[in-house]
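Just below sit the structures, each encoded as structure tokens.
In the two complexes that follow, chain A is the common piece, with chain B as its partner first and chain C second.
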Partner chain A sequence: MRVVFKTSYDHDIGMFRHRAQATWYVLLLTGVLALPLLLGSFLIGEMTNMLIWAIAGMGLMILVGQTGQASLGHAAFLAIGAYANVILQQRAGLPFLVSFPLAGLIAGAAGVLLAIPTTRLHGIYLAIATLAVSILVEDFIVIAEPLTGGVGGMFAADITIFGYAINRYINPDAFYWLTLAVTLLVVYFYRNLLRSPLGRAFAAVRDSEISAQAMGVNVPRTKALAFGLSTGITGLAGALMGHYSGVITHENFTVIISIQMLLMIVIGGLGTIHGAFFGAMVVVFLPQALSFLRDWVSGMTGGGSVAISGLETAVFAMILIAFILFEPMGIYGRWLKIRTYFELFPFYRKNMFRRQKSYLKTERMR
Partner chain B sequence: MSPLLEFDNVTLSFGGLVAVDRLSFTVENGEVFAIVGPNGAGKSTAFNLISRFYDPVEGKIRLAGDDLVQHPSHDLAGLGVARTFQNIELFDQATVLENLLIGRHRFRKSNLLTEIAFTPFVRDQERQHRHAVEEVIDFLDLQPYREKRIAGLPYGVRKVVELGRALATKPRLLLLDEPASGLSVEETRDMAYWIEDIKKQMGITVLMVEHDMHLVSSVSDRVLAMADGHKLALGTPDEVQSHPAVLEAYLGAGDTADREAAE
Partner chain C sequence: MDILQLLVSGLANGCIYGLIALGFVLIYKATEAINFAQGDMMMLGAFITLGLTNTGYMDLPFWIAVPLAIALMGVFGYLLDLIVIRRMFGEAQIAVVILTIALGFVMRFAAGTIFGHEPQSLETPYAGQDLRFGGVVLGVDEAVVVIATVALTVVLFLFFNRTKLGVAMQASSQNQLAAYYMGIPVRRVQSLIWGLAGVTATIAGVLYASKGSIDPSAGLLGIKAFAAAVIGGMGSLPGALLGGIIVGVIEPFASRYVAAGYSQIAPYLLLFLVLVFRPHGILAQVHRKKV
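Let's look at the complex of A and B:
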């Protein structure tokens, strides 16, 4: 394990722990930037989808992982972002570069509005309230036909940036780079948040509201900010999702999607940016892997295509159960353990990541 | 000049239970003031009244002449009142350093927009926060635990971290709710030295609730003894310890008529 010799406060404030870490991330960035040169259009489409889910995941992560507030209603804000973006383009004739940030702002404002009455709720009650919002928004889309096109949904036009049209099918690489740019921006803002006072205030609210208050944190206001940031980012993901799928209907934003988002960040690893990405990978690539596996199995057995309905959901549920039982820190937690194992080889101990549960144990008694 | 903290005939009741009954006392600038009393005497409730977790039913609580009731709970840190909790309320999933940095929240001058852009101003503020926190770490000898998560720390260290977090807010008035509970003899002695230093070097007024009479008599200038929500005795540690009403409340001699006479 690398021990960093710190000689100034900037070592702690900086984005990366040490130069080697920065190098790895630059390599990763180069890799993802060059990805369209290596992959075909189908896989680039899937990568784009993964990035969109990762943005949505980061949005939810700010609320659940950083601030400790449950939300089972984030599909509603995906929907608000997606519809706001398309409606602003179609009805108000705004270009993408204006409608896209506005869609985020609208979703964020909706989140703050939701937070005002719900910040007093905790745990399961908050989850129920947000679940209700998810259902309400879904119904509203169906009812408000003049605005949203009702069950027929809406078509998202091509993205046009200064006259350059971006369409998922015509130039998937451009769409990928656009999504990547948004992703990087969100990651950058997220990282900055974590190393500044507001990020710490979020953590304070998550771990102990009463002492957060005693330290001068305005708890309701901090929660409302967390809601706003979270839903705003999710709204951005929703807007991209609209352009990605081309058509948006209420069925894209059901309660199931809300739940799936929550599962995604739990599997990925709560409270970390990495977790959002790992979770998005599972959500996007698991169905692909399953269908690949299915074809392979049916090829081996010589039978026709085996179609088991609900297989995806079942596998997803099994993975979730396995994670909650064996790795509550998610994929990122597992990755940390593996990394530590190699860094310390051969001195890794089995219980290194074990948390002390008792509160009344002192060092001398051990 | 008005006293730093003033309880003026304060009453708080939960339903029929009167937790604090017409309590009056003042804490002067620069003193260590202890509140003692048996369990359920209303000591912690008095603390929570100062922290504005409860509204008094009657009476006034003033901080340097300023009525506290008009301030919400999260204003208190900004007014210079910091506290620790009886059952340690740290931010468990954060490191010691982060916990102490949250103590600096009252000095936050940046806002959401400057923070997510991480402007040079925010960076400069961060350096100042960290510098201030390092002073607390030096003072309390917390260097070995700087990067450790609270969730893995022993009880005694958590107690010290909580004291540090309160000190990081640079308070005028420090409320310590049972600072020595659960600590070993040596740790309690350290705590006593720190309380002395907090008073003498930092000039912070300390108001504490404590059961350990040895600690109380070694560090405090004045002691308030409470039972059943009201004041039994107020004076120097020796005076209070030998006060008949206090002896009665602890040892249970006599009947209620005697106590009323003593009041």
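Let's look at the complex of A and C:
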């Protein structure tokens, strides 16, 4: 077991807990940077997809995991980011390096706009309001045909950075590195955010709004900022998603995607950066694993391959149910427990991570 | 006359939304949890009835199949709470929401695997008959919907306010610990309410399937019904019905008088406006917030 001995406040807000942890992350970074040398173009494409979902997940995580505001409407901001990026490139002729951050800014501004009327709402009411926004934006894309191409959708051009064209199919490795760079920037930003006063304010609002208010946190402003940052990052993911899939339509951003994003970060582990990545891995690699398994089973039985429609969603849902019932802290929580078990071996106690349960009291009068 | 016809058809649709919304409100009233799988429970109830009564399946008489399906879904709801939801006792509200969303996905998959993904219609003894009042045509199926909904709302309202069990259900949500001290078996009461939600879901499902057709993704109607419940004021039974009718009536009027494409967003726009200006719904029950 390692005892971290803190001798100054700087240790407390340090990027890493100790030297060994930093070493592991540097190793991981080298690994992911070298990945295109090891994997084929299909798997690199899937990895890119995973990273994009992880960025979107981190965006949602800031809001749900850090600030405690449930959102069932983040597909709307994926859509805003994706469409803003493509429209800025096509109509305004802006290069990717300008349109991409602008897309994030626009999605962030939309999030702040949404936050202004909804900061009064709590819990389930907020979730349903954002759900309504998700549906409204999906319909708006169809209605605003002159701007968004309506049902037909829009084509995302190749990314051009200083004359170097990046296309998912022609040079998947370059697209992967680009996405990785964005991911690293977002992770760095997220990690720093958690160490800043604003990040602490987010946590205070999550744990108790009234206590936060008593400690001098401006709750509506904090919530609006959380919405803005969250939707901004999600917008960036949306812009990348547009370039990844090549064509964007309103069907890429249905309310089901909103729900799936929330489920994704819950499976991964709420409130942690790792959780966003674990969740994205499940979302992206589960269908691949299932189709692999299906081929294997049909190969074993000798029969033709059986296609059961909706199987992926159902398996995803069942994994989710298992996690909520048996491991509410998600995959990352399970990993923490296993690590602690070995760090403390043989002194791990069963109830170490047990949470205080509370009895319910309603706020309704009748 | 045109307006009256729109109103009548909207009313019947609205009653279905209201019935599903009743299921939401029931569970919310007694356990403070939101059951996002309510729409899928409705779908499941409809499919069980369909499987019992349609000629292609078991071919039982309609009036035997419906009570049987209701009983089955009641048991299903009770067991669902007993086996799955009860484990969430004392956890955060949003965790239950996510759990029920996932359960809904599983139910949709189960129904799709058993009954196929094609829309099917329920065979009822009163299908295709019309009632005429002057120029207004009212299908018997629509009349049945309205009557059944109003009757069920009244029964449930009386149940919650007059019977011992109903009051116990309210008590167990208002203050769980105090309810325990008063000797209310809180866990069993919660399981019972899930059973009751299964029953109302089945009734809604039978009415919905008899009016048109049903397919496994019909559970997504639950989102609209949830909007109705929130518009009416979560936690109020008459509010759920009111919200359902508002949503149901707005829809045909919007599609008649507003340009295509804009009409379908009307209920959600209304939901958003209600949430912004009256965050706890029209018949709100929250008047002050405790620390």
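As a convention for this text, the second predicted complex is superposed on the first by the 355 of 366 C-alpha atoms of A that agree within 3 Å, B and C clash if a C-alpha of one lies under 4 Å from a C-alpha of the other, contacts with A are read in each partner's own complex, and residues count from 1 in each chain.
Methods note: a contact is a pair of C-beta atoms (placed from the backbone, for glycine too) under 8 Å apart; a residue touches a chain by one contact, two chains touch by 3 or more.
All values reported here derive from a predicted model rather than from experimental measurement.
Visitor: Who does A:210 touch here: chain B (first), chain C (second), both, or neither?
Guide: Touch partners of A:210: chain B and chain C.
Visitor: Given the touch rule stated above, what does A:152 touch, chain B (first), chain C (second), both, or neither?
Guide: Touch status of A:152: no partner.
Visitor: Applying the touch criterion given at the start, work out whether A:142 contacts chain B, chain C, both or neither, answering first, second, both or neither.
Guide: second
Visitor: Quick one: is A:321 in contact with chain B, with chain C, with both, or with neither? Answer first, second, both or neither.
Guide: So A:321 only meets chain C here.
Visitor: Contacts for A:133 in the overlay, against chain B (first) and chain C (second): which applies, first, second, both or neither?
Guide: The answer is second: A:133 touches chain C but not chain B.
Visitor: Is A:31 touching anything from chain B or chain C once the two structures are fitted on A? First, second, both or neither.
Guide: Once the two structures are laid over each other on A, A:31 reaches no partner at all.
Visitor: Touching A:193 in the superposition: chain B (first), chain C (second), both, neither?
Guide: Only chain B is touched by A:193; chain C is not.
Visitor: Check the contacts made with chain A and report whether chain B or chain C touches more of its residues.
Guide: C
Visitor: I'd like to check the shared interface: which positions of chain A are touched by both chain B and chain C across the two complexes?
Guide: On chain A, the residues that contact chain B in one structure and chain C in the other are 210, 359-364.
Visitor: Quick check on the complex: what are the chain B residues that touch chain A?
Guide: My answer: residues 51, 53, 72-78, 82-83, 85, 88-94, 97-98, 101-106, 108, 110, 112, 115-118, 122-123, 125-127, 129-131, 151-152, 154-157, 165, 169, 182, 184.
Visitor: Using the touch definition up top, name the residues of chain C that touch chain A in the complex.
Guide: That would be residues 31-32, 34, 84, 87-91, 93-95, 97-99, 101-106, 108-110, 112-113, 117, 170, 173-177, 216, 223, 226-227, 230, 234-235, 261-262, 264-265, 268-269, 271-272, 275-276, 279-280, 285-287, 289-291 of chain C.
Visitor: Looking at the complex, which residues from chain A come into contact with chain C?
Guide: 70, 117-118, 120-121, 123-125, 127-129, 131-133, 135-136, 139-140, 142-143, 210, 255, 259, 262-263, 266, 308-311, 313-314, 316-318, 320-321, 324-325, 328, 357-366
Visitor: Which positions of chain A touch chain B when the two form their complex?
Guide: For this pair, the touching residues of chain A are 9-10, 12-13, 189, 192-193, 195-201, 203-204, 206-208, 210-219, 225, 229, 271, 355-356, 359-364.
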